[in-house]
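Okay, so chain A shows up in both of these, paired with chain B first and chain C after.
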Partner chain A sequence: MTDKKAKKLDLSITNETVFSFVKTFIAILIALAITFVVLCVVSKNPVNAFITILTGALRKTRYIGLVLERTVPYTFAGLACGLLFKAGFFNLGAEGIFVMSGLIISIVAINPITTSPILHPLIAIVCGALVGGVLMLIPAYFKAKFNANELVISLMLNSIYVAIATYVVRNYFLSQSTSLIATPTFLETATIGYIIDKYHVSIMFILMLIAVIGLQFVLKKTKFGYQVRLAGTNPNFAEYSGIDSFKLAMKTNFIAGMLAGIGSAAQILTQASNFQPSTTVTNIGFTGSLLAMLGRNNPIGILVSTFFIKYLEQGTSVLYYNDTSVPSEIIAIVQGVVVLLVSSQYFLKKFREKKLLQEGLNEHE
Partner chain B sequence: MAETILKLEKITKVYGNGVVANRDVNIEFKKGEIHSIVGENGAGKSTLMKIIFGIEEPSSGTVEYKGKPANFHGSMEAIKAGIGMVHQHFMLIPSFSVVDNIILGDEPVKGLFIDKASAVKKTQELSDKYNFELNVNDLVSTLSVAKRQKVEILKTLYRDAELIILDEPTSVLTPQETQELFEQLRGFTKQGHTIIFISHKLDEVKQISDRITVLRNGVSKGTYNNDELTMAQLTNLIIDRDLENDMDEFKTHKDFGGKNALEVRNIVMKHHSKNILDDISFAVKKGEILGVAGVDGNGQVDLVKTIVGLEQVEYSGDVIINGEKVNDKTVKERRNMGMAYIPEDRMVDGISGTLPISDNMVSTYYDRDDVSKGALLDNKAISRISDELIEKFAVKAKNNAVAVGSLSGGNVQKVVVAREHNTIPNLMIAEQPTHGIDIGSAELVHHKLIELRNEGAGVLLVSADLNEVIDISDRIIVMFEGHIAGYFPDANNIDETELGMYMLGVKRQTPEEIGGALND
Partner chain C sequence: MSNLFTLEFITVIIRLTTPILFASLASFAAAVTGIGNIAIEGIMTMSALFGIIGSNLTQSAVLGTLIGVLIGVVIAMSIAFFSMRLGANAVLVGIAMNTFSSSLALFILYQFTGEKGSSASLLAPTLGSWNIPVIKDIPILGTLLSGHLVLVYVSVILALLFYILTYKTPLGMRMRACGLNPDAAKTAGINVQRLQVLSLIFSGIFAALGGIYLSMNYGKIYVNGIVAGQGWMGIAANGVANGSYGLLLIAALVFGAFRAFAIKVNIPRFGDLVGAVPYFAVFVTIIALAIINTIKVKKGNVAEQ
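Right, the complex of A and B next:
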């Protein structure tokens, strides 16, 4: 019974994976239903508003392009958070990394260090990734060495980083052409252009796909992924099994920091023209943790959830152009409800158990 | 006959992964009786108890308590109704002290505040009354498994429950401690309390029970009066075959050159200027099983941690594996030298409950050539090896993809033993290796340990189960208060009462006699 049964493709609801897909799907439906109810209250034309949210992103190719482009940095943020959560770190440092990596990337981007339009962004990305990786080691070190709470430390660092970045920009790299605290405009050579113009697909988009598939592979198939699984689910067991938890903590946090750093580059070099420490990359890192939960820390899940959220966001902003009675925050409702339902243990549990009862009893009779 | 206090009718339980744990179980519990539930690992004992206690809901069937239907939602309701339960796997908060754990949810109050002083007094008195030797101000995280078990028991006794469920309360207690507990239990039944008792140690079951219910594969094989059943009949009801009694027959006697797999030399460990380990020296030869007997808490835990490389406290002395000093080596390096380790607390150290069996089956050798290639894992090989081990060690599981945490306690233990056995060790450190394992499987584990020994590995067996130590060891040392109190060069010729005297510190051998543990 052990092997033959397990190998057959099992598409019934009692299968764990199928169940979690169905659960997510139903969660989305419920979230949309709630959105509709809210629309009925706030909008004069709720049906139209609802349809706009759902399909607005498809109305112009440019909109689709915006969705694809915006998916990139958020997916990187989600991957960084997902990896950390999987390894058992509740580290929300991605937010601060986006700022600090962003600072370095911008400094590279405003200086004529090379005239090559390939080398220039490449150097910026590499610098951003390295700075991200190294900075993420700080909360990891305190956690691994002194068992300090990484959540507290990472949140503290987030505010410190914004302060540092602001200070550096104001005192050393301040633009003369604006009254904001911002760097001068990036050099032409440093910005990243599109490979497919129509859909805003840049090399960063390709890089994102590689990161998603690569991380999925690493987590599922490699020794490193296995170590992450052990340490993330029971650190005592990892220690007992002989895994060097300190080294592992350093490695995972470094990789997560690099992912966040690259995400920051994706935001800055494709979607911004200069760097403002307090706005350019704000909230991407935090949203990343939400996206990680939504995607259940699974790289492909994170990509899909990010795309989904950005898609609805675009629909919502299309709606906002036409019907200002609808607050653009409505997207937050969808997001919140879906996260709640997906992460809830109890949602749909009763239903599944009933099915199981029948199956279980039949099987043994 | 006495009135019925609890009645289970046609209880069926199907778990989330489709496992049928109980099927149409009917049992009546009489007021004032000690009623044992016995059965193999995975027979559904704990599940049934969790249903009574309101932690699991039955899929169908009814529970009647004191003549009224009782479907408790959550243990709080059950506790309010006068039911207490000692869980097989501890439900304690490690960062809390003993007393805080015991009074949790039922704190004595004085005005607005918790009356800590009286709580400490009351729990300490309770502990002393049962000779549990607990300091109720200690943090639970610092306690050994046996001590934790006692805290669990105290927690239930403290609440003075009318119906007390004890799910394997004695699995790591020594015989003396068990006897003390039994006396208490008898006292309770005299006061009209009812006790449901679960154990794999059938002599205990025979000794304490009024009636016994046998479960097999989730189905009740009937309830019997204790005096109607012989031990052999009981065994047969549980496992359907006879047990072999004499382990010695499995032992072969080859010469492995008298080399030592493990040497421990002059280990001294101090904690708060108290000697936890006091000049411990002994050797485990290749091809032998050295048993460590002793009441729990006499230094065994720290000794084992020092040997495997997980000790945090400073010590002096040497640990030598296969002739090489390993004091500064990590767990991994020691494992690479051929060491395997079955830890006493399987749920904390031995597994990761949310991961599938397959992941848990290779954690200590996932980088070995047969399960990995370069940086990659060979998931196919891991799955195949897991299936083989599940088969070989009779782990009761649907397939290798189910979470280990969903297995019954004894089956979790089998996973740990199977994995460590499959590291192909030349030194096996086995700490309570049959903790919670049913009689049939305990026999299997003993065979496997002896097999390792026959093939030339050294086995260090640390166990609270005196019978186990005497049955399968070649030589035995007894630990008392951090030192070796006695050394017995021939486990076949041992007087149990004599051994007991050393365990309790009544007798102590001379340093010359004890020196044999290292030099024989």
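Right, the complex of A and C next:
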């Protein structure tokens, strides 16, 4: 009997996966409803404005390209945070890693190391990834060895890294052509071009897809992935079942740091022309943690939610372009409400329990 | 260097310490019952903005302040709602609130002023400074104690009151019990959740006053990015203090003095790095505490055997 049940695709609300989809969907509906109410207050033409937010990104191929391009660094940030959360680490260091990796990537990108347009960005990406991985080991080491609070440590490191990057750029790599604290413009050979020009698809986009699928596979199908999930859900059990938690912590954090570093390269080498420590990659790491929450720490979920948020964000920019009474920051409302509701364990839980109870009673009869 | 230790410089230190003191109190107030409130930066931003807007709408600085504080309490309550009622992780709710607030503040500022930079176009009365009647005429003591901004006095008084509340009253004792061991507190018949909500509200009020201080007392307008990491400084101070109220106040003062020195001394090459020293201090302190703890536990184990 159990065999038959397992084979049948369970599409009822009581199924865990279906329920999380329904929950996310309802959270999005609530967020959009709130957005509409806000639009009614601030805009003269709320219906039109609302439709623009929902469909604005589709109006020009260039807009779709921008959505795809902006999805890449944020997805990498989301993957980094998602992996850490999944393993039970409250490490918000991705924000700082984006800055420090960005610094190294930019230093590589302004120096004529090689003339090859393939090798030059590749070196930059590898350097960024390695720096990210190594720096992420700092909070991981102190957490795993001495149980030091990785949250506070990583937050402090974020501020320290911004200061270091600003110091290095101001004193050693300052551009003479602008009054800002910025590096000189990157060399032509270092910037990453598009493979599909029309949709702004670059090699970083492909790399992101590989990372998403790869991480999904690793988490679901490998021993390492199993250990990560086990350590995240029940660290004591993981410890007692013989998992070397120190080694695992170092591995997970190193991979997360590398993901953040590659994300930083995606932002810098495709979307920026120089590096400004206080603006170029600001808030990507923090947003990554929200996207991880939204995607329930699942790689594919993170990719989908990042795309969703960036899609709406493009819609809000189009809206601001047409109707200046609604600044594009309205996206924050959608993002905030969806993230808060999706991460709420008990949101809709009563409803689900009622259904479960009903089902149980029905079966009993 | 000669004019470093003048009375004016002490005034500068006091002025720069106040927002950090508010933020530190906010972080401490939440931590007392075991809640990590990392949305202090966001609350400060929103309250700084709403203080000015409220003051503009009512044309009263006091009412504006109250509106700003109210917003702080509302955000604190919503953190409580999402983390306790809906079971979301408090830290993640805090991050969401921070990101949410910085964009939302921009959005609201734009609705009221039509620009995204500052509230300069909003006419809003702000809080002034206060001269203590008799003391202000005493030569040195007068400049030292009198003539400070109103919220400076408020911060000192609140710091004192909150000390009395947490350490000298039954309510404070219960709150600390929640932080030390929530299960034991529950067994002793304490309504842990209610006290946690209460401490979050305190945290919201302190953070709100910190934000209002920046926009309506220290400055006269709301500027985008006005909080500039001072909320994190408060969290940092609380991290160093590790549960000790005295250390918390000292840490806030040290961080404030540090900012004053950094501005005054203006070390040309290393200015950027100097700004990060407080964060580094916290980094080192937390690691040192963790290492000491680990050693203690190990020693304890050996002794037991």
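Going forward, the second predicted complex is superposed on the first by the 365 of 365 C-alpha atoms of A that agree within 3 Å, B and C clash if a C-alpha of one lies under 4 Å from a C-alpha of the other, contacts with A are read in each partner's own complex, and residues count from 1 in each chain.
In this section, a contact is a pair of C-beta atoms (placed from the backbone, for glycine too) under 8 Å apart; a residue touches a chain by one contact, two chains touch by 3 or more.
For clarity, every value in this text was computed on a predicted model and none was experimentally measured.
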Chain A as common anchor, with chain B and chain C clashing or fitting: clash
Partner chain(s) touched by A:114 [first = chain B, second = chain C, both, neither]: neither
Partner chain in contact with A:241 - chain B first, chain C second, else both or neither: first
First (chain B), second (chain C), both or neither touched by A:333: second
Chain B versus chain C as contact partner of A:159, first or second or both or neither: second
Partner contacting more residues of chain A (chain B vs chain C): C
Touched partner set for A:223, first chain B, second chain C, both or neither: first
First, second, both or neither for A:90, with chain B first and chain C second: second
Chain C clash site on chain B (candidates 9-17, 27-35, 63-71 or 99-107): 99-107
Set of chain A residues, in rising order, touched by both chain B and chain C: 349
Contacting residues of chain A [partner chain B, same complex]: 1-3, 5-6, 14, 16, 220-226, 229-230, 233-234, 236-244, 349, 352-353, 356-357, 359-361, 363-364
Complex contacts: residues of chain C adjacent to chain A: 36, 38, 82, 85-89, 91-93, 95-100, 102-104, 106-107, 110-111, 116, 229, 232, 235-236, 239, 269-270, 272-273, 275-276, 279-280, 282-283, 286-287, 289-291, 293-294
Complex contacts: residues of chain A adjacent to chain C: 42, 90, 92, 142, 145-149, 151-153, 155-157, 159-160, 162-164, 166-167, 170-171, 283, 286-287, 289-290, 293, 327, 329-333, 335-336, 339-341, 343-347, 349
Residues of chain B that touch chain A when the two form their complex: 12, 14-20, 23, 59-60, 310, 330-332, 335, 341, 343, 348-355, 359, 363-364, 366-367, 372, 375-377, 379, 387, 390, 398-401
